[in-house]
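In what follows, chain A forms one complex with chain B and a second complex with chain C.
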Partner chain A sequence: MSTLTQLVLSGILIGSVYALMSIGLTLIFGVLRIVNFAHGEFLMIAMYGGWAFSNLFGLNPYVAALAIVPAMFLFGAVVYWLVISPALDKPHLVVVFATMALSIFLQNAALMAMTADLRDIPPIFNRSITIGPIFLKVELLLGFLITILCTVGLQWMIKKTYLGKAIRATVQDGEAAMLMGIPVPRIFLITFAGGSALVGLAACVMVPLFSVFPSVGLNFVLIAFVIVVLGGMGSIEGALLGGICVGVMQSLSGYYIAPAFGQMFFFVLFLLVMIFRPNGLLGQKGAAMIGMNE
Partner chain B sequence: MLEVKHLDAFYGAVQVLHDVNLFVGAGEIVGLVGANAAGKSSLMFTLAGLRTTHQGDVLLEGVAIDKVPAYERPARGLVLVPERRRLFPFMTVLENLEIGAYAAAARTVARQTLNEVFALLPVLADRRKQVAGSMSGGEQQMLAIGRALMAKPRVLLLDEPTEGLAPIYVKLLFDLVIDLRAKGLTVLIVEQNVHHVLHTADRAYVLENGRIVMEGQGKTLLNDERLKTAYLGL
Partner chain C sequence: MSIAIPASISSRRIPVLPKRGQISWFEIVLLVISLGLVVSGIAPSLQDVILLSFLFAGLGLAWNIAGGYAGLISFGHSAFFGVGAYTSTILLLRYDISPWIGIWVGALIAAVFGSILALICARLRGPFFILSTLAFAEVVRIGALNWSSLTGGPEGLSIPPMASLAGMVFASKATYAALMLGYLVFVYGITKGLEASRFGYYLFAIRDNDDAASAAGVNPLLGRTAAMALSAALTGVGGSLFAQYFLYLDPTYVISPELSFQFALLPAVGGLGTAIGPVLGSFLITPLSELLRSHLGNAAAGLHLVIYSFGLIVVMLYFPAGLAGALNKLTRWKPFS
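After this line comes the complex of A and B, so read on.
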């Protein structure tokens, strides 16, 4: 019984970290209606950033986040300006290929600059927290906490602030939003940059847990896509729920069956959800958008 | 107040407006009528800065605004209430109104404007927490106009405001337009409801196939046989 509890709790914690890395993707999809195929590479770059801060200045990544998150916001803004914005009014495939190309470019640039070596940072916390027979890694608990704070904060921002209302208005009727004076191109820029900043935060949480290498994004972006579709595209709470489902699935199947099959099982779960709830767990029919899920 | 000179407008390569000239004086209610697909809505969207490409001039109080992005025109004092209302359906009445006051200058006085709008349209005050998409057509139209008023416009463009409304709301709406003029607003109104609009409007233009073919006093046009037979099939 305690093994099962341990597995479920670990799964929830790691799943919340997966969710954090998916929120940016779902936010950008929900507002701009585009899928950023370079999402994984944004994560990779920010993870290298976290590693560099630790390696060069001895700063732990939670502190480095103070620099990495704004830096990723700027990076997102530049990518939006250079790659996304010119492709937005073109046929949909243009954005797909543009972000795909960006993904390949960033991976190879990283390969050139950093080689294919795995980079790790020294452990930050030496002990786990123990509750009776249960062990929980401090890094994971922190990740869980940050994810919850982020989800709640983001929901609050979208529901209550003026910017959040402008974002929802843009999603519900972009043309009417323009007629009411909302600068829709700027809303898109802020959303894309904000989504990138969230990936930066996720990277800071993930650096202590995973090695960094140029194609590290590929491992995680697949999980992120599953989580985003599982939760309901554009739904932030959905991403949290989807992340936790994937985490628990991976943790249970990894222990009871074999770690190598972990991915297989959450893809099976994914297929089942797609068959029985094609709009995702929290998605609304035909309303795969931020703010549409009341 | 609002002046349109030699305006040609295009959807891609297709020309939808041909050499349109019109003028709306300060404090006037000007009607724009014409059959379906005459280009009425295209003209309204062109004035608001969306959808079409254009040649010619659009002047607001003598200042050219046709190069100003659509989202900056409310701050200049020009707001379009588009066809079919186009509310934000999943947002509450209050949120829709708040969005109307998005421009910086309007936002600083939003609270006061809100009270004015509620006084003018009491139904909105009662429904402020309700989700916009769940209201009746007439209430939604009132909200669409209230939302536009939140921007503190000097010129209000109304595109088919009575479309699909119950007769009681049609009357309410034209009374409201007259009220708004009394408060100093200038109104350009596109309508299928020719009889009502020509009664209410000071002047009107008749649009046919993207060209202005007649203009004059509302009531004079109403009695014009040419209007009845040729353009409106009445």
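After this line comes the complex of A and C, so read on.
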């Protein structure tokens, strides 16, 4: 029994970290209606950033986030300006291939700069928290807290602030929003850069938990896609729910069945969701129809 | 500034170089040059590059049937490639069945996989379709990795390198080049036939407007499934040929997202939904990436892919209609009028 509780709890915690990594993707998809295939490489770059801060200045990644998050915001803005914005008015496929090429580019640039070695940072907390028979990693608990704070904060931002209203208006009808005087291209820029900044935050949470290497993004981006689709593309609380589902499934199947098959399970889950509930668990009605006109 | 107003589909369509069902002088010249390269056997060091260009041109064409003609942008085609490669190899190693037969069995099984994927994704469009194909290929890859008794698992399978005609293993690379060119011409012929056929017109109709097509009496699900099955079968044939050339298979290369991307990139660069596009794409990109790899590969790991992907971003952003589209504009350009 305690094994099961342990597995479910660590599943929830790791799932929330996955969710944090997916929020940026779902935000960008919801507003710009594009899939950023380079999302995993954004994560990889930010994770290298966290590793560098720890390695060079001895700062722990939670402090380094103060520098990494704004840096990733800027990086996202530059990428938007150079690659995404010129591709937006072209056929859908152009964005797909452009972001994919960007992903190959960043991955190999990282390979050249950093070699294929696995990089780790020294452990930050020496011991886990124990509650009865259950052990919980402090890093995971912190990640969980940061994810919850982020989700609540984003929800508040989107529901209450002027920027949030402008974003929602853009999502509902870009042309009408333009006519109402909302600078839609700037909303796109802010969303894309904001999504990248969120990946930066996720990277800071993940650096203490996972090693960094140039193709680390590929492992995580597939998980992020599964989460985003499971929760409903464009839904932030959906990403949280999807992340926790994936985390629990991974942790349970990794223990009771072989870990490799655990990975297969969530792709099968993904396909099942696509067949039976293409709008996701919490997605708006018709979410799957976004991008119909490819 | 750009706004996400979806580009209309008609603006995406590229005027095909020759009229449908006809063959242009350009295609004939390209074929003669290719034949010349194979027969003359010049530059043995380039033979690898040449035959890979043929193989990938055929694979790009096979992808194009689904992606370009039927509008089914798939990033899961390496699953069909792998299924084809594994089927013919397993039949050869276990049951001693010649690859000349095994290839067609592989194509058939790949077609079944293609139909399954098309049915899974029947209701999905755009990014959802793309992500589902990616997930499908991952399921197949992880399955192949773990079903060791059949596929050899992560160690892969090796075909004994004994040259024989029945075993489709040859000593000279020129023979392989001829084989790959044969594959390319075969897929090209099917594509050209498709372009002029009734079925081809059904696919264009389904791609351009689903509802209008079904109102006009075309069954979109049937059309999509058939297109995916045909595309998968031809990709499977390419997979078997690949296995016969490299004589080694492992799931992490044969069924990888990278390979799927490559199949899709060649038509995208060359010109989507045209017969000549994937060929042009492959003749440009495959030698480029192979040469960059062999010249820069040792000096700096990853540099060739950095250059390659950078070029790709530029091509995608500035020539979204691909090389065929750019060439077509060039031939229409009248300097003195």
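The criterion applied here is as follows: the second predicted complex is superposed on the first by the 286 of 294 C-alpha atoms of A that agree within 3 Å, B and C clash if a C-alpha of one lies under 4 Å from a C-alpha of the other, contacts with A are read in each partner's own complex, and residues count from 1 in each chain.
As a convention for this text, a contact is a pair of C-beta atoms (placed from the backbone, for glycine too) under 8 Å apart; a residue touches a chain by one contact, two chains touch by 3 or more.
Remember, it's a predicted structure, so these values are computed and weren't measured experimentally.
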| item | value |
| --- | --- |
| Which superposed partner A:K165 touches (first chain B, second chain C, both, neither) | first |
| First, second, both or neither for A:A87, with chain B first and chain C second | second |
| Which superposed partner A:V226 touches (first chain B, second chain C, both, neither) | second |
| Which of chain B and chain C A:E175 touches, first, second, both or neither | both |
| Winner by number of chain A residues touched, once chain B and chain C are compared | C |
| Touching partner for A:F73 - first (chain B), second (chain C), both, neither | neither |
| Partner chain in contact with A:V184 - chain B first, chain C second, else both or neither | both |
| Overlap of the chain B and chain C footprints on chain A, listed as residue numbers | 175, 178, 184, 291-292, 294 |
| Parts of chain C lying in touch with chain A, wherever the complex brings them together | 1-7, 9, 11-12, 71, 73, 120-121, 123-128, 130-132, 134-136, 138-139, 142-143, 145-146, 257, 261, 264-265, 268, 272, 300-303, 305-306, 308-310, 312-313, 316-317, 320 |
| For the chain A and chain B complex, residues of the former touching the latter | 162, 165-166, 168-169, 172-173, 175-184, 291-292, 294 |
| Chain A - residues contacting chain C, complex | 29, 32-35, 83, 85-94, 96-98, 100-102, 104-105, 107-109, 111-112, 115-116, 174-175, 178, 184-185, 188, 214, 218, 222, 225-226, 229, 233, 258, 260-261, 263-264, 267-268, 270-271, 274-275, 278, 288-294 |
| Residues of chain B that touch chain A when the two form their complex | 48-50, 69-75, 79-80, 82, 86-91, 95, 98-100, 102-103, 106-107, 131, 147-148, 151 |
